[in-house]
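Two complexes come next, and they have one chain in common, chain A, joined by chain B in the first and chain C in the second.
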Partner chain A sequence: MSLANPQERLTVSGRRLAGLVSLMARHRVAAVLGFLLIFPFLLPYEALAVNILIYGLYALGFNMVFGYMGVLSFGHAAFFGLGSYATGIAIVHYGVPWLPAIGIGIVAAGLGAAVIGGLAIRTRGIYFAMVTLALSQCVYYLVYQMEDLSGGENGLRGVDVYDLNIPGLELTLIDPLTKYYFVFAFVALAVWLFSRLLASPFGAVLEALRENESRARACGTDVAMSKWLAFVISGLFCGLAGALNAIHLTIVPIESLHYHTSGLAVMMALLGGMGTFFGPFVGALTFLMLEDVITLVTVHWQLFVGALFVFFILFFPRGIWGTLLHWLSR
Partner chain B sequence: MNDVTTSAEPIMRAESLGMRFGGFTALKDVSVAFPAGELTAIIGPNGAGKSTFFNLISGAFPPSEGRIYFRGRDITRTPQHRFARLGIAKSFQITNVFPQLTALENVRFAIQCMSQRFNVWTPRGRFAEMTERAASLLQMVGLDQHHHRLAMNLAHGEQRALEIALALACDPALLLLDEPTAGMSPEETTAMMDLITSLAAERTVVLVEHKMKLVMGISNRLIVLHHGELLAEGTPEEVRANDEVRRVYLGQGDR
Partner chain C sequence: MGDDVKSKLGKTAQRFSRRSVLKTTAAGAAAVAAGPALFNIARAADHNIRIGFPVPLTGPYGSEAQEQARCAQIAVDQFNAAGGLNGRMAELLVRDDKLKPGEAATRTLELIEKDKVHYVCGSLSASVQLSVNAVTKARGIIYVSISQSDAINEAKDFSKYTFHEAMNPHMTAGAVGRYAFPQFGKRVAFLIADYAYGHEMVRGFKRAGEAHGIEVVAEVTHPLASKDFSTFLPQIMAARPDVLCLCNFGYDQMNSLKQATGFGMKQQMQILAPALLYNQRRAGGAAAYEGVIGGANYHWTLESSVPSAKAFNDAYRAENDGAPPSDYGAYGYAGVGALLDGVKKAGTTDTDAVITALEALKYDKYKGTQYYRKCDHQSVQSVFIVKSKSESEMANEYDVFDIVHTDPASEDILRSCAELGHEA
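Up next, the complex of A and B:
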C-alpha cells in the first residue's frame, strides 16, 4: 500500500484521518486483525461475522492474482470448493481430526490451482478468464458426479466438528463466539502470511507483472512460472477459506464449486478495492451485510447488490477502500 | 563486403538470420559478429529491419531462419527471461518501464530479478544492498534527484535514462540499445551519447540508430541494414566511403 505523500490541501480532520490511514497501511496486519477481533460485537449475530471472515479470506486470496498481479481468474470457486470438499470428505468419510483435515483441504486446493493454473497460464486476458471458468466447471461436474464421496447435488453433510479436543482447553464450536475466534485464528495467520508475501521480493514480482509484463520479462522474470506460482499460492488461501467454511456450515453445499462463487470473489474484491490490503474484507463485509439486510425486505436482493456493483464499477472503479485511499492521498 | 579483422573474439554472433512476418520478409540472411568490448552501431533508414534484428538478438522472438550464438553458446531458442542472467540486457525503442513504481523501485526490481526471483519470505527492506545499487545506477544515468518520483511522472528524457538504468541492473556484458535517443531534445541526446560512450568503456554495446551522424563519432563499427538485408559493415570510415551506403542515405538531409 503506497500512500504517496498526503499533501497540504487536506483539512485538519482530513489530515488526522489520513494520518490514521497511513498508520493502518504501515501496520496493515495489526489493523485488520484489531478490527476483526472486536468485529463480532459490532454485528447482530456471530454467524454473519464468521461468513465475513471466511469470504474476506477468500477474496484476499483471490486478490493476489486479480488485484496485485492484474490477472482476472473466473475459476477461483474451484479452490474454495476443493478446500471445502477435501476437508469435509476427510472428516466425514475418513474420520480425520479437524486440524489435519484443514491441511488436506489446503493441499487439495493447491493441487487444483497447480493443474488449472498450469493449463491456463499461457493464455491472457479474457481467454485466461474463460479457461479458468471452464476448468472450474469441470471440477464442479466431477465432484457432482462422485456422489458416494461428495453427496452430489445434496452436498456433503455431517461435517460435524464440535469439540476441538485441544488439551487443556474446553472449546466447543457450538458456542458462536468460540467458533468466530476459532476461524479468526486461521484468518489471522493467513493475513500475516499474506502480508509477508506481499512484502517479499515475490510481492515485487507481482507488482511488476501487473505494471508491465514485457519489461518484467526483459529484466529476467520467468513470467509463466511466476504467474503460476502466484496462482497456486492464491489457491492455497482460497482453499483455507473453503476448509473453514465446511467446518462453519457443517455441510459442503455443491454451490461452493459453482461459478457463482467465482463471481463472488470478483465482486467482493472490486467492491472493496482491488489490489488493496483491506479491500477484500471491506468488500466481503459490504456484500454480505447488504445481502443480510436486503433479504429481510425482498427476495430480490441480488438485484440491489447488482445495481450497487454496477454503480461502483462506473463511478468508483477503485472500490470502497481504494477510493478512500485515493482521496486521502491526493 | 568489407572484411573487418579485429583482434577481439566476438561476444555474439548471428548466422544468416532471417525473419518473416506472414508473407513479409523483414530480415534476410544477415550474418554479423559483435567483437567483445566494442561499440557497434546498427544503422539504416526507417523500416530497414533494425528493430527486427535487435529483437532477434535480444530474444524477444525466435528467428524464422538462422542461429544466434553468445560466447560460443547457441541461444537461438533461449527464452528471453534467461538473457539477463546470461549477461545480455536491452532497452526498448518505445519507453518501457514500470509506470506506477518509483524510479528507485523500478531499478531495484530489475536488480532483484538477478538473485531473489522466487523469494516469498524475506521482507524486501532487508536487501539494503539492492537499494544502494539501485541508487548508484540512478546516479550513473543522471536521475539521482528523482528516486521517489513515479516513472510515469518523469519527463520523456528521464524515462529514457531510467530505461538504461533498468538494462544496467543485471550488469550486462552485452548491452543492446534500440534508439536510446528516440524523441529526445538535442541537449538530452548529447547527454545520452556521452552516457553510452562511458558505458561502452566497460562492456560491449550494440546500438540501433537511424541517424548516421549521431553514431559516426562514437562507434568502433557500423552495420548498415537496408530492406532487411546487410548492406555494409566496417569502421565508420569504411562505411562512409561505401557507395551503396551513400546512395541509400543520399537526400536524407542531415542524417
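Up next, the complex of A and C:
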C-alpha cells in the first residue's frame, strides 16, 4: 500500500478509482471504521459480525509481527487466550467491573508476550515459529490445569457482563446491535492506535526489519529490542481481542488458547493480505463468512475452505485485499 | 514511441482490471446482499415452533450427532403428525457446533437472534453444553441438554431455563459401581482421562464404593485422546486390582480396551466402563469389548419389556432400513420429545408456562417413566447395567449388549439438591 515512490504517485493520480484508493490510503482508519460502522447490516446475524470484528482485531495485532515485521509467530493464541482468561477470571472470581477487567486482560497478554517474546526473539524463521508454538502450548496446559480458576476443560463460565452501567446511558449487551457497537468502540480505538504506530518511526523500523535486517542494524536500529517491542505490542492488541471475546461469548473456552487459534490468525492474515492495513479484517470476514455459509450446506466444510485457501495462496499470494489494492493502483 | 505503446497497453490493462474489479465488487455485493435474504427464505413461517439443535456434526462425534439429529427429527415429526400445538407445527433447526464451546456459543446466538428459536436442545460434550447454557440462560431461553455432565446440575451453572435430559457421570458411575463392587471384589483401579468428565466418573465410583468399603489400589491418569496405553496399563496390572474402572470416553475407551484385551487383563480383573456406548462398541468390535460391564441410558433390546422402547425403535427402523437407534440418539429423541410434550401440556409456547409444565411432567418416551427433578431439572430415569456380548452370543449385528440389571428411576441415585448448592 505504499505510495512513497513518486513515479507511482504520478501514474496513479488522475484516475478516479486509483484516486479513491489513495484517498482511502491516506485516511485508512476512517475508511476501515466507516465500513465497519455499517457492517452488521450487511451480515446475516450480528453475532457473526461481532466475531469478525474480534478476529479481525486479533489478526490485525498478529499482522504487526507477521505482515509488517515479517516474522511468523505460531503462538499468538497464547495472547488471545490470556486476554480472555485474565478478563474472565477478574470478572468471575474477583468481581472486577468490565472496563478495568479488559485492562487486566490486555496487561496479562502483554506480560505473556514480553516473556514469550523475550525467550523467542533471538531465534529466526522456522525456529521462531516452533519456539512460540511450544511456549504457547505451555500456557495452554498451565491454564488447563488451573481448574479452580479457569474451569479447565469445561471452560470459564459466568463472564456475565450485560448492563454496562454507564451513567446516563441504559445499554445492555443482550441486545445484539448494542453489543456490536460496544465491541466496535474498542476496535475503533485499537485500529486508530495501530495506524498511528505504523505511521511513526517505529513503524518504519518494522518494515525496515522485514525488508533487510542487516541493513536496518547497520543503520543503527536495535534489532532485538525493536523486535521484542513489536511482539509485545502485537500481544497487547491480541489481548484486547481476547478480552472482548470473553465478554462477547460470556464464556472463555479452553480452545481459545489452542494452537488452532494461532493458526487461525495466520490463515486470516494470509487470506486477507499480509502487511496490508485492512487485510486482516477482510481475511476474518472471508474465513468466518465462508465457514458460516458452508457449514449450513455440508458437513465437509473444511474441504471447501481448505481448497479455497490453497487456491488463494497459489494464485493470489498477496491475499484478497492485497491483490485488490495491487490491481487498483497498477 | 516505446512509451506510447506501453501506456496504451497500460490503459487496456487498467480498463480491463477496472472492469473486472467492478464486476468482482458487484458480484461480491450481490452475494453479501443475497446472503441474508437467502436465509430469510430458508426460515419458515414465523408461526412455527422453532427448536434450535446445535450438535457436533463435524469432529470425532459426528456420527453420534447425526444420529441425535435424526432422532430429534422423529420427535418433531410425531408432534406435527399429532396436530402440533393446535395446528402450530414444530420445526428443528440443526446447526454444527464443531464440538467447540466458542463455536457453539456463536451458533446459539445465531439461533436466538436470527432464527428466533423458542427453545434450544442439543450438544454432545460437557464443555459445549455449559457454553450453550451460558448463552440461553442469560436470554431466558429454555435449553434441554442431551449429553453427560455433573457441572450443569450445580447451582453455579443452573438456571430455571436449564434442563438436563441425559444422565450424569455421577449416576452412571454410581450405578455401575453398586452393581459391580459386591460381585467382583474390593480392590479397585482407575484409568482416568485427564479432564472434567473423567474425574467426575471417578468421584461417582468412589462415592458408590464407600458403602462397599472399596480399596483404591491404583489411579492412573492419561492425557485426553491417547493412542498408546502401554505405559499406563502395566502400572495397573502391577497393582493387582479385582476391578478396573475405565473413566474415559469414545476413542480413548476403545483404544484402552483393545490394548487391555491384548495384555490379557480381562483374565485378571473385571473391567467396568461407566459410559458404555452402543456405537463405540460396534466400531470397536466384539472381541475388545467382550465381558466389559458398563452403564447405558438405553439399549434397543429393551423393547421386549418396555412398550415405549418398542414404539421408538419401530419409528426409527422405518426410516433407517431396519437398524435400531443408538443410546445417544435416544437422548435426542427424548430431549426434544419431552420439550414438545411440555409445550403441548402448557398449551402455549410461553417460556414460563412451559417450564411449569415440564417441571410437572411425567413422560415415557423410550425407556419407562421419567421426570425432571424440581431443584436442578435433572431427568430422573432408570440406568441400565449392560454387559458386552461375545461374537458367538450375538443374535444379529445390532445385538451387542445384554441388560444384566436395571437401577430404577429414583432421586436417591443423584446427588442431593443441598449438595449441589440449591436451596431447599
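Just so we're on the same page, the second predicted complex is superposed on the first by the 317 of 330 C-alpha atoms of A that agree within 3 Å, B and C clash if a C-alpha of one lies under 4 Å from a C-alpha of the other, contacts with A are read in each partner's own complex, and residues count from 1 in each chain.
As a convention for this text, contacts are C-beta pairs under 8 Å (C-beta built on N, C-alpha and C of every residue); 3 or more make two chains touch, one makes a residue touch a chain.
Being a predicted model, the structure only gives us computed values, none of them experimental.
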Three-chain arrangement built on chain A, chain B and chain C clash or fit: fit
Chain B versus chain C as contact partner of A:M274, first or second or both or neither: neither
Degrees between the directions from chain A toward chain B and toward chain C, using C-alpha centres, nearest 10: 140
Touched partner set for A:A77, first chain B, second chain C, both or neither: neither
First, second, both or neither for A:A241, with chain B first and chain C second: neither
Contacts of A:C219 with chain B and chain C, given as first, second, both or neither: first
Of chain C and chain B, partner touching more chain A residues: C
First, second, both or neither for A:Q302, with chain B first and chain C second: second
Nearest-approach distance, in Å, of chain C Cα atoms to those of chain B in the combined model: 18
Set intersection of chain A contacts, chain C complex versus chain B complex: none
Residue numbers on chain A that touch chain C, as the complex places them: 11, 15, 17, 42-48, 51, 147, 152-155, 157-158, 160, 162, 174, 176, 245, 249-251, 253-256, 289, 293, 295-296, 299-302, 324, 327-328, 330
Complex interface listing, chain A residues touching chain B: 4, 196-197, 199-205, 207-208, 211-212, 214-223, 225-226, 229, 233
Residues of chain B touching chain A in the complex: 58, 79-85, 89-90, 92, 96-101, 105, 108-110, 112-114, 116-125, 127, 150, 166, 169-170
Chain C residues touching chain A - in the complex, by the definition given at the top: 10, 13-14, 17-18, 20-21, 32-33, 35-36, 39, 57-58, 62, 95-96, 98, 100-102, 105-106, 109-110, 113-114, 126-127, 130-131, 133-135, 138-139, 149, 151, 156-157, 195-197, 224
